[in-house]
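The structure under discussion is supplied below as structure tokens; questions concerning it will follow.
As written, the chains take the letters A, B, C and D, and residue 1 is the first residue of each chain.
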Amino acid sequence: MFGLPLLSLIIFLPVLGILILFFIPKAQTSTIRGVSVATTLVTFLLSLLILAHFNTAQPGFQLEEKLSWIPQVNINYHVGVDGLSYSMIFLTALLCFLACFASFSIKDRIKEYFIFYLMLEVGMIGTFLALDLFLFYVFWEITLVPMYFLIGIWGGSRKEYAAIKFFLYTLAGSVFMLLGILALYFNSAPHTFSIVELIAQNSLFPRLFQNIIFAALFFGFAIKVPVFPFHTWLPDAHVEAPTPASVLLAGVLLKMGGYGFFRISYPILPEAAKFFAPAIALLALIGIVYGAFVAMAQTDFKKMVAYSSVSHMGFVMLGLASLNPIGFSGAYLQMFNHGIITGAMFLLVGVLYDRAHTRDLNAFGGLREVVPVFSGMLIFFSLASLGLPGLSGFVSEFLSLLGGFKAFRLFTIISVTGIIVTAGYILFMIQRILLGPLNPKWKSLAEINTREILTLVPLLILTLALGVYPKLILDILNPGLNLILKAIGVAN
Amino acid sequence: MNVAPFIADIKYILPEIILTIAALVILIFSVLIKNKRALAYFSLASLGITLLYVSKTPVITTSLFSGMLVNDSFAAFFKIISIIIALAVILISLEYKEISPNYRGEFYCFILLATTAIMFMGAASNLLMIYLGVEFLSLISYIIAAYWRGNVKSSESGLKYFLIGTACSITMLYGISLLYGLTGSLDLEQINAILYGNTSQPAAISIIILTILIGLGFKIAMVPVHFWCPDVYEGAPTPVTAFFSVGPKIAGFAVLLRFLLTGSIFFYEHWAHLLGILAIITMVVGNLTALSQTNIKRLLAYSSIAHAGYALIGLVIGTHIGQVSLFVYLLTYTVMNLGAFAVVIAVSNKIKSDEIKDYAGLSLHSPYLAAALAVFLLSLAGIPPLAGFIGKFYIFSAAIEEGFITLAIAAVINSVIAAYYYFIVIKTMYLEKPQAKIEIKPAPSLNFALIIALILTLAIGIYPQPILDFVIHTSSIFIP
Amino acid sequence: MIPLHHYLILSALLFCIGLYGVFTRRSAIGILLSLEIMLNAANINFVAFSKFVTPDNPIGQIFVIFTIGVSAAAAVVGLAIIVAIYRNYKTIFVDEINIMKW
Amino acid sequence: MVNAAYSLALLPVVGFIVNIFFGSKLKLKGALFSIACIAGSFLCACLLLRHVIAGNSIEQSATWFTCGKYSFSAGLVIDQLTAIMLIVVTLVSLLVQIYSIGYLHGEKNSTRFFAFISLFTFSMLGLVLADNLILVYVFWELVGLCSYLLISYWYNKPSAALAGKKAFITNRIGDAGFFLGIATLFYYLGTANFREIAEKLHHGGFDPHIITIAGILLFCGAIGKSAQFPLHVWLPDAMEGPTPASALIHAATMVAAGVYLTVRSYSVFSAGNFSLQFVSYIGIITSLLAASIALVQNDIKKILAYSTISQLGLMMVALGVGGYTAGVFHLMTHAFFKALLFLCAGAVIHNTGVQDIRQMGGLFGKMKITASTCFIACLAIAGVPPFSGFWSKDEILLAAFNHNKVLYGLSSLVAFMTAFYMFRLYILTFTGKPRDPHLHPHESPKVMTWPLIILASLSAVSGLIGSPLTNHWFSHFIYFHPEHHIEVNYLVMYSSIAVGLLGIAMAWLFYKACPNIPKALAENYKPIYNLLLNKYYIDEIYDTVIVRPFLALTRFSFSFDSKIIDGSVNGTATVTIWISTIKAWIDKYIVDGLVNLTASMVGAIGIVLRRLQSGFIQNYILLIFTSVIIIVLLKLI
């Protein structure tokens, strides 16, 4: 469209929003909200515009922009989009736009809230579009500080603890990732940070070197995904974060880890990917089953959804470790679907929390009578998250398991029990909240209002559409995934 | 001994001369006229002129005064930095209430003299000149450390700084005398030539050089000689602490660099491994003790020790890439630290306390100051799009390129630990409820310095290109 | 002609005496004095080396003159600070001056 | 003709959408609308049947999605088997919906019920039409969802919510096995399409061992869905749902899905060497177990539930012994008379408000139509000629007889027990004097009785299409590969009639002639009686062996997560005695701020280092020189 650098536009549009917000006095809350909703809306429209320009069939990166940034060290501002990154920025733009509506329930320090909110969006979109490892790392770290403040200032009771825990976990991981990136830079033929060139010369790296670098990068990405032993920050961060922040945290931030594996670790270090595949599959298996088990024992609604994210992201790692086209499509699709479904679940938790001011599952009961529309929505998204066929959750879990079955038969058989336990704890949750006799305390609970319904309807449509006809998104993802598989040298 | 060549060399040290004359003029006028602000503006003007002069004159590498000083891009780099530091310090101390008005005059004079001392240290290439430069700077530092007359802490910090400082410099002197005895010359190049050939007993020579290192290490607060740092930083008036955390530290690195890389190459191969360990210990000590600090000046003191540790890595690497990363790190460190201290001064001017818990809820009432401090602290922690990250990035890449993996990993872990205590301050400012309603309006001059520091931190972070060209050009003089 | 190593031993001894003085004296002035002793030890070294190692080049002795000048300046500054300390603490015993710690 | 198939499937969806979104406003009109939709589908089903009888079948598929070189297609296939199933599903669903207008008359917003029923019908039709295993799996779980929604229809009843959850989870366990079966077949044979699987297996050259495993795994899905032995516990609890729903789902259609799956992928079972025996063993165990429990149950719906389980067991036995046609035939006839029985039970409960048959009695007088239709159904299920039950059961027994005598014996024992408990139920509810005075039953309205009459006539007549009168038209219509003609074995036919009549006589003797015999029997065989009454304590066993330890494990893993993993990472666990000496101080300064164990260790070292900073000048100088000396010593050694 008349030669506009679309990708840089979508990355830095929220920065424009922040600048505008600076000049609005703190008192005019409605204008602040208006500006931020407008910014996120325009960003979302931009992502649709990019889709218009994006030719799904052609593999490789499109709409590339390259400017030299630090010539001495051959670092350049290099952004590009392909099927994989496009689906992620679409998800980010959509969730940011919807969560912006949910942010209207924030009452104090609204101006600072939206400044951090937009800063977060810049970091997220930037991470998915960066094709230069240095740029990727910078955007990766940019998301840390705003999320720290979002959890820290507007969070729940133990917000400081959760905020600093989130920050230090991710920082520790990303710092080792930096070492890995630097080592890659110094061992590439003409020292380069560009992902495309590194992939091109991925056969040059010796095997031992690949394993070390893979371990360093793994440490950074695994904390974000989160993979089993590094997941303890997630429940705290989710429980204490305000609703819109936890929507973005679960919807997008977790995907940056997975995206890192797909975009950087696997194509650049194929031998190490094959070498570590069984270990990652085992961690995935533990993640799925263990996450589901712990979710079963929760009494806090948000903590349960947090642990369910650990379990769902376990499928992503299983699909990733399977190293075959079905597993890869399943894993990536699971990241996208999990973003939408868990985003919606957190919005619903927010709706309930704004009215009932408690998240204790046992405090509810029989709400179906009082709030039928809310319970309809909750049932729909809970079924999506337990992988009911006809909804998007099923397709990706099915493909990940199918892919996993081919590569690691025993691990997949055990992780299939995971979906049974998932059904268990989700139905147990529905039973405690919606079914059974009405808890008299909630007799006067207010029904979900139109604003909240509007935030959920797009997610509902997407979940249904992708469940019934997944070709829509798989055609976008397939060229990118096939390229990565070719880079790894797996027979497509 | 004809004097002619020396007169020719005078024009090379013109900046130092201008500043000394300006200092003397200020000293005289401080007695005569009442309006101390005029003196401040005069000193700023003189610094401005010297800065213009230095940046304009093309650098011709010659040795001056028969080897005492050397005029090269390395020295020019330190001239420029020291003048910038002096400008910043004077700007942020204009409204500083603790220094009583009638002593302001001498204060500016001392700052100018200290700048000349740093310039000399930057250019010294002879052990005598190094000793004189170090002593000159130390004396001025002892005075301005104890400058807050009535305050108990300030005089205690002055005493501590004096006693420990003199002890260390005397050890250095003793070491110089032994080295002189061994090589028969005081000129760094000659010493290096003599020692490089016949290292008969490397151990004995290394001990001598170690004693010299103690003297130099004292200035940059390296591990064994860092004990004075927290007490002096806490006691001295805050603008002085700001100066200490940046001025003498950079001068110390300048001398260390010149001494190690031209004076004793052989020493370097022999003892780089030791310096590496000292660097790691410095980082660890700096970061760990900072975790449980409650006074922000002490916290920034330990943080400056830790940053000295990171910079030491650049020194330990020693190759060209190592020096570039050292210079970049020092530059970014100067900007961030001065910015942070500017905010601390503004806050302590209003609420008269440096305890971290008094910073509670600062973001609610003076959001601009809190945001500025947060940016500086984040930059100190090395979070990207800020200058600190560029500094750390260079140090890590240099370490990895030259294969110092253990150093890199130690630095990386330390930066995570460091992030924690920087976040203690940010947490108190943003996440806690304020007791009193403190509305702080920084003085215009301090505000000006603050804005420049903020812009520089963001600019270096986002587009570090110009700074790198400047640094790489200056540090190209060393051979290895 | 007293050989070189005698001088070196003398200066080393002096250095250690000065160091001992710094550790043990309670009063700040006592410490100042012992520092001066240590300084003179270094001076002896310089003069000795200048005589024996580089007889033709008097740089060592020039160095001594400088150090004497510097030590004088240092003493002045030191005493000024000690006076300030006395005014505030009413004592110059070093072990009582430690308001600022950990 | 193909768009008839599409409209057949999509009409119920329209019914669902209309009811779910506009239900509250439409009230009765919504119900009528969904009935119209189902009626439309039933017509299409008849059209398709006529089309299939005319000899041609329809098959269409389109690519659903592709990833890499694997492409997953979704399509529909209509052959003889599908046609029969379509008729059964749409007909029973239509009748049940008509019936439930009367049944749910009192309910506040009953349109939600009709919405779920039409959603269920859509997913059941989808399941039957699907041409590959993956699509069957999709509708398989959708059907499970509808049964969950319908069981917990009365959501404010906690027992209903529990039963719904139990049903869904037990089905999910079966589905897990089903998925693994699909995965093995998908990778081993490279396709999931039924026709291609059949062709590939027909050519042979596949290791029977793997095919057996795949078969058994597929059968796990059937066990879960058709409530076979290990996973049958959910069906009796599913009676919490409204009776018409149970009639449609837990009698006629959904539970038959398991049988349909086994029939549809019969080639996999027959190719495996042990899978068919496995099917028949599970079948016979289930039917014996369920029939014996049904003997002593007192809740009318529980009896029918166990009877369904045992009849399904019989169908599995038929399939296991190679009686492909017999299984399908019994499935069809069973659908009609079991739906009828449930609807009669529904009518009885609706009018008397009580479910325990011991409180009922003498209802024949008041509810003539219900009683008579129920009598026809009992005759059919007992296997009395000329009713449908006789022909289909006879073919099963015949197939069992030809294959393996022991199975034949046990099946006829099951037939005997079925006849006995059905007539026990009939006699206790309808004949004799009313035992509970304040029950005042009355005949249910027209809208409920007409479906009963239709179903009664169907269960009477539907057997004939497989009987010799129409020279076994049904077995020519549905057969597996070699269409072998089964010769009528009169011995088996007469023995099955004898067994049926004996069962009826026994029931008449026990409960009509001298009612004290059952009490006497119950007394002196106390342990056996209690064992049967409490359903062999299977539920309790499952609870103690599986459910309770599972919940304990979840609690343990949560505490493990927050104590050990989080603890080892964030320092809440006490680390070493060395730390504890300054622990109190650390707690004060460190723990509230610090994040993890490593952090608290780091903090502790920080504390120690901080102590070094003692503030004494001489200490500092001392430390400097000692450290210098240490360095020198280190260097020298």
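Keep this in mind: a residue touches a chain if its C-beta (ideal position, glycine included) is under 8 Å from a C-beta of that chain, and two chains touch if they have at least 3 such contacts.
Everything numeric in this text was worked out from a predicted model, so none of it was measured.
Undergrad: Where are there more C-beta contacts: B-C or B-D?
TA: B-C
Undergrad: So, what's the distance in Å between the C-alpha centres of chain C and chain B?
TA: Roughly 26 Å separates the two chain centres.
Undergrad: So how far apart, in whole Å, are chain A and chain C when each is placed at the average of its C-alpha atoms?
TA: Spacing between the chain centres: roughly 66 Å.
Undergrad: Please tell me the distance, in whole Å, between the geometric centres of chain B and chain D computed from their C-alpha atoms.
TA: Chain B and chain D have C-alpha centres separated by 78 Å.
Undergrad: Cα centroid separation between chain A and chain B, in whole Å?
TA: Averaging C-alpha atoms per chain gives centres 44 Å apart.
Undergrad: Can you list the residues of chain C that touch 2 or more other chains?
TA: Residues 22, 31, 94, 97-102 of chain C touch two or more partner chains.
Undergrad: Counting only residues that touch at least two other chains, what does the list for chain A look like?
TA: Within chain A, residues 164, 168 contact more than one other chain.
Undergrad: Among the residues of chain D, pick out those that touch two or more other chains and give their numbers.
TA: 593, 595, 599, 610, 613, 615, 617, 621
Undergrad: Go ahead and list every pair of chains that touch.
TA: Touch list across chains, by label: A-B, A-D, B-C, B-D, C-D.
Undergrad: Within the complex, which stretch of chain D touches chain B?
TA: So the residues of chain D in touch with chain B come to 589-590, 593-595, 599, 602-603, 605-607, 609-610, 612-613, 615, 617, 619-621, 623-624, 627-628, 631-632, 635-636.
Undergrad: Name, in rising order, each residue of chain B that touches chain D in their complex.
TA: By the definition above, chain B touches chain D via 159-160, 163-164, 167-168, 203, 206-207, 210-211, 214, 223-225, 227-228, 230-231, 271, 274, 285, 288-292, 417, 420, 424.
Undergrad: Using the touch definition up top, name the residues of chain D that touch chain C in the complex.
TA: Touching chain C from chain D are residues 610-611, 613-618, 621-622, 625.
Undergrad: Would you mind writing out the residues of chain A in touch with chain B in their complex?
TA: 69-73, 109, 112, 134, 137-138, 141-142, 144-145, 148-149, 152-153, 159-160, 163-164, 167-168, 171-172, 175-176, 178-179, 182-183, 185-186
Undergrad: In the complex, go through chain C and note every residue touching chain B.
TA: For chain C paired with chain B, touching residues are 8, 11, 15, 18, 22, 28, 31-32, 35, 38-39, 41-43, 45-46, 48-49, 53-54, 57, 59-60, 62-63, 66-67, 70, 73-74, 77-78, 80-82, 84-85, 87-89, 94, 97-102.
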